[in-house]
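You will see subunit A twice below: alongside subunit B first, and alongside subunit C after that.
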Partner chain A sequence: MLQMTVARRKMLWAYIFLAIPIVFFAVIRIYPAFFAFAMSLFDYNPLAIDQPYVGFDNYQTLLAEMNKPRSVTRAAFVNTAGYIVLGMPLQLLIALAIALMLNEIRSFATLFRLAFFLPFVTSTIAISWVFRWLYQPQFGLFNVLLKAFELPQQPFLNNPKQALASILAVVVWQGLGFAVVIFLAGLKHIPRVYYEAARVDGATRWQTFRNITLPLLNPSIVYLVVLQSISFLRMFAPVLAMTDQGDGGPLNSTTTVVLRVYREAFQRLNMGYAAALTVVLFCIILLVTIFQLRVTTRRTN
Partner chain B sequence: MNKVRLMLMLVGLLALSGAALADGHVVEIEYWQYNFGVRVDAMNALIEQFHEANPDVRVLHNSEFPYANFRDELAASAPAGVGPDVVTLFYGWIPAFVDAGYLVPLPAEDFPEEWIESHFSPMVANSKFEGSYWAVPTAVRSLALFWNKDIFEAAGLDPETPPATLDEFVDIAIATTTYDGDAEIMNITQQGYAPQLSGQAHHWFREVLLRQYGGVPYNEDNTEVLFNSPEGCEAFAWLASFETEHKTGSNDLFNGATESFLTGTAALHIDGSFRLGAIAKDYPDLNFGVAELPVGPNGERSTFGSYWTHGITRRAAADEARMEAATRFLQFITTAEAGALWVDMVGELPAQLESIGDPELQADPRLGAFTAGLEYAHATFFVDEAQQRQHLIDAFDLIRLGGMDACDALAEGAALEQALLDDFWAGRG
Partner chain C sequence: MSSVERAQPALPLQQASPVRSSGDLALRILVYALLILLAITMVVPFLWMIATSFKTSEEILFPNFFPDSPTLENYTFVLTETALPRWYVNSFIVAIFSTISVAFFDSIAGFAFAKYQFPGKRVIFVAFLGSLMVPTEMLIIPWYIMSVNPPIGATWVDTYWGIAFPGVITAAGIFLMRQFMQGVPDELLDAGRIDGVSEFGLYWRIALPLSMAAVGALCIFNFLGNWNAFIWPLIVTSALDMFTLPVGLQFFSSEFTADWHLVMTGATLSLLPLLTIVIVFQRYIIEGIALTGVKG
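After this line comes the complex of A and B, so read on.
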């Protein structure tokens, strides 16, 4: 002990300090996650003394709910799939287009980047409420504009056919800044010489994009696909803030799995079932992530 | 003379508290409710009186929870082994809390059944569950009709004559609606009546309109859903017609029907007595009146009654001294006098019939309509209030947004509700 060198002692202290967040992580994040797995096997009501063990009953209920045409659980999974399938590609496509354009400009570049990044660092709840007002059927800006151009007014959030798309648009727009920044960083890493060589060879703009930009952006794309997919699978706050009473309506058209988890756990105190939902969501996120990593990292040369 | 009496009283008090302290018998109990300013003040006043009369008990008043988190806080406190000895819950939550074993039955010798039933508003019987009373309230609420006198006047109607029947209600709603262009929902500039199922309209349907059309919401022992009857269809279609047929308003407009009435863009509104306080505070200029709900086609009166009610928890029951103190405290906060203090400070109606009979209260131009309603109010037996409300919200949306027939929509809601009831009662078996 006493013979420890200065370097070793430094290292020891570094470990001690680093251990604190690890312990915190284990106790506050990992342990409850495993506890949720256990909880899903119980009829868990925190108000009760006894939490009876029910085996896979909660999962059976979940399965039965999935087979009912108008069940809220089923709606939650279908909508969540909708958010990710529509939202993720749309967001990445728009972000890539913006990043390519931002990469071209020289004057006011910072100002433009700021404009796209600002929504990302703004509070989701604040943005959701602002859009709730913008979507308002009578005085909302969107309907006022439609009216001004003598176009029919739209119910947006109040109609089950339009509500999901209305919320999705806000989420896509808000998350755009993050994807743009990642793409921009990726673009900056592509050596200029490749483009110069392509020009010498007489490649068209599309060929350049297709054969140089896209393949070399692959690490950024993989990173964003995985990260944004997870964030769409975890959709919660915008739906809570933008729907009437935060119920994911109208007619369950916007509700998500995480919103259901929240409602089941903290409104109905049906924690076993809520835990079962989180376990299923966890498995889906895991599978989707593994699948995406496999598929998108295939070609790297 | 007075000074001497005061001195004697003080000495007596000191001796009492001294004796209690010497015995180490000051029992500390906790009382919890959610944070609603005037209710917190009223309870503080009652606790102060209670402490004076009962120096051997100290009540800790914990009301630092917003309404939305109150149940979460109770749920979080229970596994931690802390929490209230006496707790104030919405009456509709009682079955769920009984089901969880959170509440204990009120001690029968201190709260005899006959005494509760002869002294309290009849809707309090709703807290009787599986043969016992689990909670008793200080105050109760009912629904009544609010109308905007300025809008009535502008539409050429007598501002002092609210609709007395359902037919008149429809006529006035149509007469007071104004549009910018065609008579379409989107063109409405002033609403006659906008049904808000997420507000009070689901109660109005379940306990008022349905009964006035000759139906009942559930069977006697609350195991079977009966609102999807032909009478129910008719009543529900009547309610939906404001949006689908008469086009007098929608909850989608003006940031919700309640807000619309408060800001003076709706003529008619169904709401509870608790709204009076909010109007007085935030919309003092609103020129409105309050009347009893319109009568049904056969002249039948009904209203929806509800209340926040106080129960004793299993935590108190685990300790004899705490249980005794909790019982005494509960008795103290549910007297007729407590109810009278409550109506003055909170604006909710007293739960004991003795105070409801107060002629001053009955003659009150605004509280009078609610007070009159207490005689014929029905309280719904809820196993899961939020979920049961959602069933009717969705059924209503199926009509107005999905174009579904009222009967089919109601049948869907009834099926979901029946499954919920079955599930609840299966767990009790």
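After this line comes the complex of A and C, so read on.
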């Protein structure tokens, strides 16, 4: 009888400990997610008198926009895909190279690590404005340097052909430190005896990398592919800060899905359509996460 | 894997680095040269930012890197004529408030999940973790509607609570604390119970002090994350004196787009204290990231 009461008392305490978090997650995380789904089915303008139910109209508009060659929404999805497909592999390759090099040296390792790490913890907005200044025509440092080497001046952010790459370079640059730290942690977990064995067998440096380092680094690679893809998918602040009036220009060449969400929801008050965009975003993230779960569980089996 | 690692010192081979000592001097020099070059590209933008902040409006049009006659006028202007000091205070209040809240609620929830059995435990845990899959971008629209017409109070728009509420409890932090608190021995808790310690006392006086390393890492990431948070503070604040630092910086820089000396002064002022904190705590932060995989 006493045992019973002790067990029940402990159970009661567990619920007390969790009471506020449960209410929080229900009200702030879970309910709004369903609310966003519901909103995407309405013509939701917070200032209008009523919010008519429109079924899947917002999604149909989205689909129609996607099929229009020069629509902003289409540009947003194409650019976002571009940021992921170009940015993620580039970032991981450079980060892996840096991590491998940092792993080889002993002097000044901490100092180097800090240099690569600093941009990651600083505010994206501040960094974006610093680069906007670096990219300036004529007086920006990059163009000053180009001039010093007698190379032609570049418009960078002002040219629709160069703007996306210019913004991408900043995001890749800023995120390197995080990937380097994760890779370094992965490298530390590879038992050194493997390298010694390879050395005894007379394996070349490339063979060692190909057959030992790369396969054993796989968990870090999968983790980073997923995490960085999702963060490129959600790109917003750098584009807002590095384009004129934060419009994702010039000529929509840098706009992203989240920037579309922001503009539609909070500047045009077209919240139903914006909610539909976020539902699509959610579905993509869900697919990427499921991919990660499948890959990681297959490996442990 | 860890057992293999521990067995390693027994091996007679000296120097564990994969670099071979014979004829690798050239390679070593190459590695250092490349690293120095890359490190320079990481640092130069910051130096350029700081250098510009000491230039006059005329001098920013000259191609020299460092100012000829450094001026503090930009700093005087930004600190006295703009709301930047206020944005600082706002960011600080929000980041401190949510970090304290996260430290308490994430650890107590983690404790409950790690050390108690109760009906519905699995469902609640999965619901918490599942919420991680919903991106912030999807929630900001409902949050905004909710803030305009909140369940408690008049309006959450342009209030500290409005800026902070989405982050006062985090699923990732609860997960981290649960993992960590599973390592707290049950015997210790039972001994406490026999001594008449209350269940809350077990958390407060035994489990929490034993998990300080994880709480510390959680606090640092949470502080950095809140300090740099942008999209939600941008939406929930409209009054100039309620902006957080990143929102204020975006506003200020857009106003002064051509005055790069002022924009860079704002950027420098917003970054320097944080950079100092990071340089001081860098070991701890980097190890924390490696340990938890948490992204700031």
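Simple rule for what comes next: the second predicted complex is superposed on the first by the 267 of 301 C-alpha atoms of A that agree within 3 Å, B and C clash if a C-alpha of one lies under 4 Å from a C-alpha of the other, contacts with A are read in each partner's own complex, and residues count from 1 in each chain.
FYI, a residue touches a chain if its C-beta (ideal position, glycine included) is under 8 Å from a C-beta of that chain, and two chains touch if they have at least 3 such contacts.
As the structure is a prediction and not an experimental result, all values here were calculated from the model.
Engineer: Answer with first, second, both or neither: which of subunit B and subunit C does A:Gln136 touch in the superposed model?
Structural biologist: both
Engineer: Which partner does A:Gln267 contact after superposing on A: first (subunit B), second (subunit C), both, neither?
Structural biologist: A:Gln267: touches subunit B, not subunit C.
Engineer: When both complexes are superposed, which of subunit B and subunit C contacts more residues belonging to subunit A?
Structural biologist: C
Engineer: Is A:Tyr59 contacted by the first partner subunit B, the second partner subunit C, both or neither?
Structural biologist: neither
Engineer: Going by the contact rule set out at the top, does A:Pro160 touch subunit B (first), subunit C (second), both, or neither?
Structural biologist: first
Engineer: Between subunit B (first) and subunit C (second), which, if any, makes contact with A:Ile105: first, second, both or neither?
Structural biologist: In the superposition, A:Ile105 contacts subunit C only.
Engineer: Pick one for A:Asn45: touches subunit B only (first), subunit C only (second), both, or neither.
Structural biologist: Touch status of A:Asn45: first partner only.
Engineer: Which partner does A:Pro250 contact after superposing on A: first (subunit B), second (subunit C), both, neither?
Structural biologist: first
Engineer: Can you give me the overlap between the subunit B contact set and the subunit C contact set on subunit A?
Structural biologist: Touching subunit B and subunit C on subunit A: residues 46, 136, 245, 266.
Engineer: What residues on subunit B touch subunit A, complex-wise?
Structural biologist: So the residues of subunit B touching subunit A come out as 71-72, 74-76, 78-79, 96-97, 100-102, 186, 188, 198, 251-256, 314, 384, 386-387, 390, 393-394, 397-398, 401-402, 412.
Engineer: Please give the residue numbers of subunit C that touch subunit A in the complex, ascending.
Structural biologist: 1, 4-5, 7-8, 11, 13, 16-20, 28, 31-32, 34-35, 38-39, 41-46, 48-49, 52, 60-61, 63, 65, 105, 108-109, 111-113, 116-119, 121, 124, 127-128, 131, 133-146, 148, 151, 165-166, 168-169, 171, 174, 199-200, 203, 224, 227-228, 230-231, 235, 245-247, 249-250, 253-254, 260, 263-264, 266-267, 270-271, 274-275, 278-279, 282-283, 285-286, 289-291, 293, 295-296
Engineer: Could you list, by residue number, the parts of subunit A that touch subunit C in their complex?
Structural biologist: 9-11, 13-15, 17-18, 20-22, 24-25, 27-33, 35-36, 39, 46, 98, 101-106, 110, 112-127, 129-131, 133-134, 136, 139, 141, 144, 147-148, 173, 176, 178, 181-182, 184-185, 188-189, 191-193, 195-196, 199, 208, 223, 227, 230-231, 234, 236-237, 240-241, 245-246, 258, 261-262, 265-266, 271, 274-275, 278-279, 281-282, 285-286, 289
Engineer: Show me the residue ranges of subunit A that touch subunit B in the complex, using the header's touch definition.
Structural biologist: Going by the criterion above, the answer is residues 45-50, 70, 136-138, 153, 155, 158-160, 244-245, 247, 249-252, 266-269.
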